[in-house]
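Pasting the structures here.
Okay, so chain A shows up in both of these, paired with chain B first and chain C after.
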Partner chain A sequence: MKKKGRGMATIMFGFGYGEGFPDHSIAEVEITPDNIIKLRTAGADVGQGFLTTMTQIAAEVLKIDPSYIEIVGQDTHQSKNSGSTSATRQTFFSGNAVREASEELMGKLYHYGSLHFNSNHPELTVNNGEIYHCENKEDKITYFELADNIKKRGESLSAEASFFPKTYAPDKKTGQTEKNYVAYTFMTQVIDLKIDTDTGLIEVLNVYTALDVGKAINPINVEGQIEGGTVQGLGMALTEDQVIKDGITLNPDMTNYLVPSIKDIPNFESILIENEDSDGPFGAKGVGEPTLIAASPAVANAVYDAIGVRIKQLPITPEKILKALEESHK
Partner chain B sequence: MTKKYVGQNISKVDAKAKVTGKADYPQDLKFDNYLNVKIKRAPYPHAILKSIDLKQAKKVDGVVDIITGQDYPDLNKFGLIIKDQPVLIGIGEKMRFLGDALAIVIAESEEAAFKARDKISLEIEKLKVISDPFNAIKKDAPAIHDDIELCTDYISQDIGKQNILVDHYLKKGDINKGFKEADLIVENTYQTQHIDQLPLQNEAGYAVYDQYTEILKIWAASQWLHDTQADVAQALNLNKDKVRIIQTAIGGAFGKKEDISVHLHLALAAMHTKRPVKLVYTREESMISQSKRHPLTIKAKTGVTEDGYLTAWQVEVFGDTGAYASSGPAVVHKGMYHCTGPYNVANVKGVSYAIYTNNTYGGAMRGFGTTQMAFAYESQIDIIADKLGMDPAQFRYQNAYDTNSTTPNGQRLSKSVNTKRTIEEAVKLSNWKGESEK
Partner chain C sequence: MKKQSKDVKNRPTSSGRDSKEYFRPKSKKELKEILKNNDILTIIAGGTDLLVSNYQKLYKIDKWLDLDLIDEFKEVKIFDDKIEIGSMVTHDRLVRLEKIKELFPILHSAALDLGSPQIRSRGTIGGNIVTSSPAGDLLPPLLVYDAEVVIISDQEERKVDLNTFFTGPKKNVLKEGEILEKIVIPLKKDKSRGVWKKVGKRKALVISSISLALNIVFDKDNIIKKAKMAIGSAAPVPLRIKSAEEILIGQSLDSIDYIKVAKAAAKQISPIDDIRGTAEYRISVAKNITKSALKEVTK
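Here is the complex of A and B:
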């Protein structure tokens, strides 16, 4: 018999290293005479879109098309520390460093622009990679021409910023602290599934997600995080288990260690809640880890809803379902 | 305010290079005259290395050299937070899990390196293997590490602390008062499993040593270039500016590429042979030798009033951190710090232990302890709602954080507390009716 069930989970995640551990990111932005804006960051793009996010933030602040921005410095000898791509921290930490460096550079565009036009900041327009005086819009200088002029004077059109917010170590005895993590991301997810009570097999049907993202710098990449994170969470909920017996892994291969395949992907509907109320760039929060977290309890709750048995040991395999059903019928 | 680039679905800046095959993953790099490296690893999860015989292995055609701990006796241990993992297990030293490295085989071809690796013969003295963290904390359990002492003064006298890497505590409000105020107390134990992050790209890299500048270059995917650089430098007694880590295209990480993997063995092989060297893990090697999601045992006890308000939440958390610390000193208690989920609970008590065993070590994986904890607290929430006869969404909503709520750590949430909005939106989006339409 096939039985349907629906489960909910609401989660929170404190992002950044927190707990008083020093956590910062350094970024540099440089306008070069050869029509390129170099964005220097050591942050790792693990596929989530870090480099794209940083490009969008710099482009927004510097008011120039993202195609002019080139990421450099993916090398310890060409960049300063950006901290790890972990702890759901890069959009918040490196994003703020890139935003601050870009704002600093914007200040320099106004400063050198005002020297060039023999004027002052309020009379200047800086937009679309160009600077002009409000009284003569035809007389423009591009960011890159300005960089060339400045280079001839032995200076450069660049800026560096470090973002370094504080947290405080929890008390050893009580865990109490004024600020444990820089901020928290919240998410609620509802999962629908279907259980075959003869085989114990579970098919996940629908996933509904409401994610507190602050501001989605790139909405489709945030949705990508929701879908990828949730599927990884479904693996945890249903199949993934590296079996280690007496220190020896019994299934060190992808034949016997089961991750979800394309055929296991459910339907997704997601809502991004954008209150722009966080201290991240443009109000953004980190979302990388939170997107995985709700799946396993939502599945366990849906299983209970469907067949009235509560599984407290992951993963929720067909064997466990059948055993629990058998016991519940006794 | 509308923004021009932020908030727009701009294509990933590295998408074109990746879909056209132009992006360089470690295996795509090209070096002339490079050598292949393979690692001989521990044959038993807990043992003393008595002797190592390389004679037959060195006879294999194409073998250039084999490095053991005897060749580099002054190496320092490495690790993300605690330096407890040896680069190579020397004679008389202990292997603590199957991923421990005993020898670095360097050969002209990958086949020769594999063949020679399998011809290395070892003499070991087997020790008692501790695979279950609850056996590891028995008073008479042998110590897996005898030089790590990080436990607090608050640790319970009832458990053996010789295999406890770190212990942490939570105490907010008055837990006894909280349970007295409760009309219903629900107590359950939850168990999570070992999980591999399973990025498509296995650990891989190249290294080149320049004899003239004395700069060692390593090309490998890393989640934190500068931390990898610092750890490699200290382990090999090199100046940090002589170690250059260059990022490659990364084929997934999810926490697994925070730890050192190929880097140190590549570095030694490059400095030893003065030729470019390449090391690529097999999937089996990756699963056995690199970090796992910690299995957590979570004992949760929750008190609630009959009208559905949480009064007390108590947890005990036991994390299997395996043979080495990695991110373990941060993962298990981060889980505990999230023990109530996003719900107001005035009285909280918790204890957590990261426990050494002879299993593959636990490290960072997406969620970092809080993923396992959410399985416990969100199961508790539904179990309680069911016992109270309440709609689980309503039960969540009436206990959910608002501005100025405090976390189990006592952190007051002063801004951007949107828990209730996420519940409202998920209820609307899913057409939640309090029960499924069967």
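Here is the complex of A and C:
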């Protein structure tokens, strides 16, 4: 027999190092005469889309097509500190550093643009990689031509910024502080599943997610983060189990330490909530780790809904389900 | 014994096709010649088990015998009273053969449940049998279809009933210098109905916690004429459940005592606790899936 259940869980997640640590990120942006905007950051893309996000932020602020942006210096020998890709912090910290450096550079575009046109900055328009005077739109100069001009004078179109927010150390006695982390991400998930009462096997059917992301800089990447994070969470909820006996791990391989396969992945429907209420770039928040957290409690609640038994130890294996079913029938 | 070294520089590199002792016969005749002149050969078919169990120690293998160029071992021949499947037929080919789907639906389903597309495309039916894992997915279906295997050496040829082939976990009756050539399954006139169940902790690429194959022949009055049942991953070898079969024969659809059959099945298996399930779990599931399989087959 198959029994269906639905469960819900809501989580909040404070991200960044927080807690008084000197967490920061440094970025540099340079417009070069050879039609490239170099964006220098040491932040690591581990598949989450960091490079895409940084490119989009720089292009948005600098009002130019993203194809002109080239990320360089993905190496601590060639760039300054961007901090680790951890604690769900890169979009927030490096995104802000890139935004601030790009804003600084935008100021320089206006400055050198006004010198070029022998005019004041309110009379200039900067758009789509070009600067022109409001009264004569035909007379324009590209960012790259401008960079070439000022290079001859020994100057450059480049800017650097460090995003270095204050973080608050928790009180040693109470563990509390005004703001432990730079911002908080919120998420609610509803999970539908089906339990086979012969075998205790759980099949996850649907995952509905509402994620307060502040601002989705790249909505498809955010959905990807939700799906990837949740699938990891489902592994934690259902199969992933390091079995240790007498100090020896019995399943030190992917044959016996089971992560979900492509066939185990449920349907996803995701809603992105954009309140723009954080200090992140354009109001964005981190979405890496938070997307993993709700799966286990939502699955446990759905199991309770399906068979009326609370299972309080992960992973919720077929053995535990079958045992619970047998005990509830006694 | 050669010591396994983590030092890449000192690790022996001559293995596989680099070695002059990598034999790759193109025919059964050439194979027999090689068997005659060499002892202690490591035989490789699809390699999906061998390469995993010898991970990082392949260099320890001195002499390889690779069967993948012997076309005779890749043939599927259909006769009036039997079908012969060469030992080098891959799972993927089994899945795609219409005749297998039509005549041996449980074998087809089990081949489809085996591993992943990559494993099915490399792994072979002969390899699945020779590895002789109690969890081998094709083994319970082959047992219920009364399969026999043809074994050859440089000297002789013999036929073995699959029921007597397995002697323990990853052990079988094959002797040094013997090769599994083909599998012979009798074609029966009676119409049968079968069920295959594989229980694993995920939907693909998983070693079964327990598996079950059931094949039943009804007579014209819907009385069970023949019943064959086998369970995998629940004993040292894949096991025919003869006690359950005996109870079933002669029963009509509405007279089957499901609980009695399930109990008989549970009694005959001897599962262990391992990473894929506890013995207790396997016994419970054996009962449950026996009942469900019977209900499905009599529907």
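Here is the rule we go by: the second predicted complex is superposed on the first by the 330 of 330 C-alpha atoms of A that agree within 3 Å, B and C clash if a C-alpha of one lies under 4 Å from a C-alpha of the other, contacts with A are read in each partner's own complex, and residues count from 1 in each chain.
Criterion: contacts are C-beta pairs under 8 Å (C-beta built on N, C-alpha and C of every residue); 3 or more make two chains touch, one makes a residue touch a chain.
All of these numbers come straight from a predicted model, not from anything done at the bench.
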**Message:** Applying the document's definition of touch, where does A:K172 land relative to chain B and chain C: first, second, both, or neither?
**Reply:** first
**Request:** Pick one for A:N267: touches chain B only (first), chain C only (second), both, or neither.
**Result:** neither
**Asked** For A:N35, is the partner it touches chain B (first), chain C (second), both, or none of the two (neither)?
**Response** neither
**Request:** Would you check which partner chain A:L250 touches, where first means chain B only, second means chain C only, and both and neither mean what they say?
**Result:** second
**Request:** Report the partner of chain A that touches more of its residues: chain B or chain C.
**Result:** B
**Prompt:** What is the contact status of A:E326 with respect to chain B (first) and chain C (second): first, second, both, or neither?
**Reply:** second
**Item:** Contact residues of chain A, present in both the chain B and the chain C interface
**Value:** 243
**Asked** Where on chain A does chain C make contact in their complex?
**Response** 197-201, 203, 238-239, 243, 250-251, 255-256, 258, 260-264, 317-319, 322-323, 326
**Complex interface listing, chain B residues touching chain A** = 3-14, 44-46, 97-98, 129, 131, 152, 154, 168-172, 188-196, 198, 221-227, 229, 241, 243-247, 250-255, 257-258, 283-284, 287-288, 292-293, 330, 333-334, 336-338, 341-342, 350, 357-360, 364, 366-368, 370-371, 374-375, 377-379, 381-383, 386, 392-393, 396, 400-401, 407-413, 415-419, 421-427, 429-430, 432, 435-438
**Item:** Complex contacts: residues of chain C adjacent to chain A
**Value:** 52, 116, 199, 201-207, 209, 275-278, 280-281, 284-285, 288-289, 291-292
**Item:** Complex interface listing, chain A residues touching chain B
**Value:** 3-14, 17, 19, 42, 44-47, 49, 51-52, 55-57, 59-60, 63, 66, 71, 74-77, 79-87, 170, 172-181, 183-184, 186-190, 192, 206, 208-212, 214-221, 229, 232-233, 235-236, 240-249, 252-254, 257, 259, 269-271, 273, 275, 277-279, 281-282, 285, 288-289, 292-294, 296-298, 300-302, 304-306, 310, 312-315
